[in-house]
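First comes the structure, then the notes that go with it.
Chain nomenclature is as follows: A, B, C, D and E, assigned in order of appearance, with residue numbering initiated at 1 for each chain independently.
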Amino acid sequence: MTVTTAPALATLNPRELLRAHVKWRHLETLFWLATLLPFLVAPTYLILGSQIAIAALFALSLDLIVGYAGLVSLGHAAFFGFGAYTAGLIAKAGWGEPITGLLAAAFAAMVLGYLTSFIIVRISHFALIMVTLGLCLLLYEVANKAHWLTGGDDGLQGVRMWPLLGMFRFDLYGRTAFAYSLVVLFGSFLILRRLINSPFGLSLRGIRENARRMPAIGSPSSNRIRTVYIISGTFAGIAGGLLAQTTEFVALDALSFQRSAEILVMLVLGGAGRLYGGLVGALIFMVARDQLADMNPQYWYFWLGLLLIAVIIFLPNGILGGCARLLARWRRRA
Amino acid sequence: ADGTVKIGLIMTYSGQFADLATMMDNAIKLYVKQHGDTVAGKKIEFIRKDSGTGGTAPDVAKRLAQELVVRDKADIIAGFSLTPEALAAADVGTEAKKPMVITNAATAIITTRSPYFVRTSTALPQPIGTLGGWAAKSGIKQAYTMVSDYGPGIDSEGAFQNAFKQGGGQIVGSVRFPVANPDFSAFAQRLKDSNSEAVFIFVPGGEQPAALGKALAERGITPKTMKVLSSGELTNDDALKGLGDAALGIISGWTYDHRHKSALNAEFVKGMNELLGGRNPDQFAVSAYDGIHLIYEALKKTNGNTDGDALINAMKGMAWESPRGPISIDPETRDIIQTIYLRRVENIGGQLGNVEFDKVEKVKDPVKEKMKADGKLTADGLAK
Amino acid sequence: MSTPALATRALDKNFASLVVARGIEISLPKGARYALIGPNGAGKTTLINLITGMVRPDGGQILLDSDDITGLEPAARVKRGLVRTFQINTLFPNLSALEAVTLAVCERRGEAGTWWRSLPTYNAAIEEAYGILKTLMLADDCERPTRQLAYGQQRLLEIALALAARPKVLLLDEPAAGVPKDESGELFKAVAGISSDITVLFIEHDMELVFRFATRIIVMVSGAILVEGTPAEIAADQRVRDVYLGQAHHG
Amino acid sequence: MAEALLTLNDVRAGYGDSVVLDKVAFELPENGSLAVLGRNGVGKSTLFLTIMGLTTFRRGAIVWRGRDITRLTPHRRALLGVGWVAQEREIFPSLTVEENLDVAARSGPWDIARVTDLFPRLAERRGNMGNQLSGGEQQMLAIARALMTNPALLLLDEPLEGLAPIIVEELTAAIRRMIEESGTAIILAEQHAEIALSLTRDVLVLERGAIVHRGRSDAMLKDAATLDKFIGLRLTERISG
Amino acid sequence: MIARHISLLFDGFAYGMLLFVLSVGLSVTLGMMNFVNLAHGTFAMIGGYTTVMLMRSAGWPFFATLPVAFVGAAATSLVLERILYRRLYRASDLDQSLLTIGIVFVSIAAAAYVFGTGQQPVQLPAYLRGRVEFGDFSFGIYRMFLVVAALVITGLLVLGLEYTRFGSRVRACVDNQRMARGLGLNVDAVFSITFALGSGLAGLGGALGIEIVGLDPNFAFKYLVYMLIVVAVGGLASIRGAFVTAAMLGIIDIVSKYYVPEIGAFVLYFVMVSFLVWRPAGLFARRS
């Protein structure tokens, strides 16, 4: 055999090449159908399910900047927490209507994103990681100081949600919570999926691949970066809002470094820059943690740690990345 | 389940506050070892849930509470290392009508958030308020307060200042340090500048008590030069080991010390030493021990009936002898009524330890007493 | 005499003590084919960096169609048709050639900001990108990730990206380096062929190409312009031989 | 006659799963010189990388002075005396020019003094970071750096790219001297076929990863037909015509 | 009055030196080798427990335990480097973070299992405790000791890494492994040694830190943020940078907490953010 070059494509329509990347696969349909299974097979796991969906949305929003634009943030909890407190405070103030509350959370996070975006476009790489972290920690301290408003370390109490759509109250089993989170997740996913597969998405990957070249092809990178940062923050805020509404409680923890780090871990675990990476990562991380913690409440993270290490060693670029690679190899062999 | 009673334990088994859970869990093991695992003909079964995932995550705590109810069909939930966890889970207990026995979380208002909360640890203002009152009584004129800048810290600051002022004392200054704060020298300097006669200190357990104590010592602030008053954390075994003689003379108002003299305590300490490989139990341990005792006794009273309201009613007003002394559950607030001990750090046979030199009996949580006085409390102890 | 397509006035730039541009004055008429030559480290690439705004000048002005673009962002200059290639490949390692060029085309057409339409629906852009790749002999490898392309192929992709921007003024930094002779001939034909009213300034060390494709030649030495003239004049210039050409070349 | 310096037997190599080189075999005598010609993407650089041990090796053997080095790690090969000038120069960006040379240095005739009078420019830019050099300067540095290792075999992957004609002259002269005087062997990939052929004794033409022609350089230089067939030199004709 | 400020400054400086000894190892592994080694704290913790165990169980004197702490951490890191880190030198920052977070988890659990969840107080020898008075200045003895230790470490490292060929070799290997190999550098060896050095320093830092910041299983994670801040603001790969930054942060932190304790928690983060926005590459950026 000789040099492996692609089959002569002169005949093939180039659009097909690009469409191949974006077309909706059966596997995806399956995946989303599968998310409904818990209702039938695991009705007592719905609360966990809703929290997984929330984490998945959070991870997905992070993937936008980390996986696609290549801007690593270690402070994404800032948006998550900001959204959470917004949703929580509105409900506490007496307006417990979930959907409008969620929109408010999104808007608040968007504003926060807009304000911080001015700072973050000026830096990159390690500095960016640390600045995002720093901003998040600052926000955390502010929330802690604003005891009168946020309840500080005790957490925000008295959050009361009205029934969803005036019909479904948030029940002990978490049926409403799960359905609600799932719908929001799916909706957001569709939007973000489209965004990823748009020219804008392509330009984000361009920024990730070579920020120096972008201006030379006439791309105003910093606007793009700010836009995506704001969008990402907005969806993180939605995730936070969801958590506040479904748990009817907000704690400082929503703004903590751990949150930021944990969500990044989930994303990388699943595979950054892969659309489904965040979802898979959140799913596997949270389920693994829940199960391990039940088996061994004191030392479970020993096993979780091993899991992370194993994944990174055997499936570089996360679970999806690794699988993709194995699949490709297997295809070539065949 | 008919044959068994399921008790769900929600504690920070892992993470930053894991040591709390270590203490509490071992105390529970000890109690079961001593009193068997069947009560009123029912087998007691524990389901352990870790709420310590990634720091303090109340959403997790609440989820765990919900799952204990809907999946594990737990009859009683106990534990709650931290205030936010308890507060987040309050509604679960209320909706599911399941008793929730708090064995640590110490913010005063928790029990006012659900009629199914019962507390066997302490409401911080209990010991701290007592300490403040005692300080004023014992003729201390001025005090400076230093607390960690978070819920419990702020609670104790308030409690001490109120009690101290009511007793005629004067607060000459106060400062709050960040929760994460590796170095205290700046605050030590401020304290020194204040030339106050006495200082009240609250820091959470862990590495900070020792660090703070050392910083004070480096500034020449020791009980010899300034009266140092504090909660129990600053004078627990680990802290004292780190502090050394600089700690001699620190006065603390607290609920429990393993040196407390009583047959029951001696047995308790002995048992805990075995389980903890030589370490001595602290207030976390004893609170959990009492928590399980309360559950056992309540079950006996109801003959194994695990109906939530029945159990809560059984618990209300229950009184017994704990390793820390006589304690009871206030039927109005469902919070603990206990003896607060005033102790001084002394050298006992080459080892530093707390020596009780005074005590105030049957102390209630002053915060809720005030709420009651102001009519802010409903008949069953809930916030209006 | 029409206004020059591109001109610089007294451009200055120092890197610390090192002078890389001193009073640079060039003026390229529309449709001109200029070559910029000079010893290694003379400041040729830096000049392109200055013109395209990737390096800020210490002093001087840059005029495009006689309006001052000195203060403009690099991207904005590209939008006005001032486009460059890089001497050292500056590509998107994990994008396929097709994606990269399509991206460039979309940017030019101002479509790269829209996030609600899916990429494959941008028919025209994709076709155009594919066309460019064809002319540069990259069609067959157009869906392989850039990093997997041979160096020469990557050099070609450099130019493809530039062409995708539909330049009015095109600055090529050693476009033919790493490309076999005959292909580099094709390449220059492709570039020269694009349209006669496009102004081209190219840096090249391959004298055969220079003498063949340049209508005029600018010679830079240590940050300053030494001479400017027709190929014949330059080939004859003794100073140019001494500092740059060496003895082998005789017109 | 003495054993060959470097021998490749039926080598198949590539990147990961994709195979690039196949059935590549040749022998290079001590202080021999070999030109490797071919269009873009035929595998010239891959050949060099394979000799350095930096590709996925699949079949065949590489023998160095009678010793099989097929499984030897790259740095050991370098220590044996293989010097490599990568096509993309691969200067260390966070090292100064001087440090770039210094990290490579091994005892022998070539030292900083000697390389800097081959490329005086480098002396002037001594303190610059690797990424603050002009393209040509980087090329010079890459060559100089390889020389600092005082190799017995020098792999030159398009070393003339981006160099001013006058430098090219000096460099080619230097290479010629190396082959003739210091007895260094070279393998040279170059787009300027004439220069490559005029510098070397033997030539080898690759196409799609396989050797399609081997012979004497001078012969090929004269034989326009073959040249045309494999690399096409119409260009020169066009210019003259 | 003056005396108070002198001792404040001194305490700030000493606190800075604490941050320095905790972080300097990281500016080797993360800075020089740019491996996102979030498990730095793990190696610090190993050093800490080594010291505690030797002092408590084996009754070693404090000073004797320090070299062991260094070696212990270095040795452990060598093993991990062989089986784990080495595979990821070329991987993305993200993969590296994931691996090292995994290691942190494992190490915290392991420490909790082996040593228990409690604090590990140490009793320093008398001559390191308490304070000395110069007139009306008073300085903690241990703080002075920390300062000296930090100065020594800095001196040695600057000499060893910034003025020797080894330093540039490391940077070469980090810049471009393939080329470094091609030039005959034994990349694996260089990395192993450097990594061991960084982790050894972490271990030493951990041992020196206990007295002030205590030691429990969470140590591996608790101070990570501080470590990262020092390295980031100081500029990757710059030992001097780490030193100056640590000193500066320490002083700013202490002084601000003294004058405006209300915002005590903000200052450090605020300073970091503004510095990084002003100088993204850090104060003493080595790379250009």
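Operating definition for what follows: a residue touches a chain if its C-beta (ideal position, glycine included) is under 8 Å from a C-beta of that chain, and two chains touch if they have at least 3 such contacts.
Keep in mind that what you see is a predicted model, and the values were worked out from it rather than measured.
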item	value
For chain E, the least number of touch steps when starting out from chain C	2
Distance-maximising chain from chain C - centres being C-alpha averages	B
Reference chain A; chain at largest CA-centroid distance	D
Between B-E and D-E, the pair with more C-beta contacts	B-E
Gap in Å, rounded to a whole number, between the CA centres of chain B and chain A	38
Centroid distance [mean C-alpha coordinates] between chain C and chain A, Å	41
Distance between the centres, which are taken as Cα means, of chain D and chain A, whole angstrom	49
Separation of mean Cα positions, chain D and chain C [Å, integer]	28
Junction residues of chain C - those touching two or more other chains	141
Junction residues of chain B, two or more chains touched	14, 18, 21-22, 149, 178-179
Shared-contact residues (touching 2 or more other chains) in chain D	18, 41, 132
Of all residues in chain E, those that touch chain A in their complex	84, 87-88, 91-95, 97-99, 101-110, 112-113, 225, 228-229, 232-233, 236, 265-266, 269-270, 272-273, 276-277, 280-282
Contact set on chain A toward chain E in their complex	66, 72, 119, 122-131, 133-135, 137-138, 141-142, 144-145, 257, 261, 264-265, 267-269, 272, 298-302, 304-309, 311-313, 316-318
Residues of chain B defined as touching chain E within the complex	14-16, 18-19, 21-22, 149, 175-183, 185-187, 189-190, 193, 206-208, 210-211, 214, 217-220, 238-239, 241-242, 244, 276-277, 279
Residue ranges of chain B touching chain A (in the complex, touch as defined)	11, 13-14, 18, 21-22, 48-50, 53-60, 62-63, 66-67, 69-71, 83-84, 87-88, 91-92, 95-96, 107, 113, 149-152, 154, 178-179
Residues of chain C defined as touching chain D within the complex	15, 38-41, 44-45, 87-89, 141, 148-153, 156, 173-174, 177-185, 205, 207-208, 211-212, 243-249
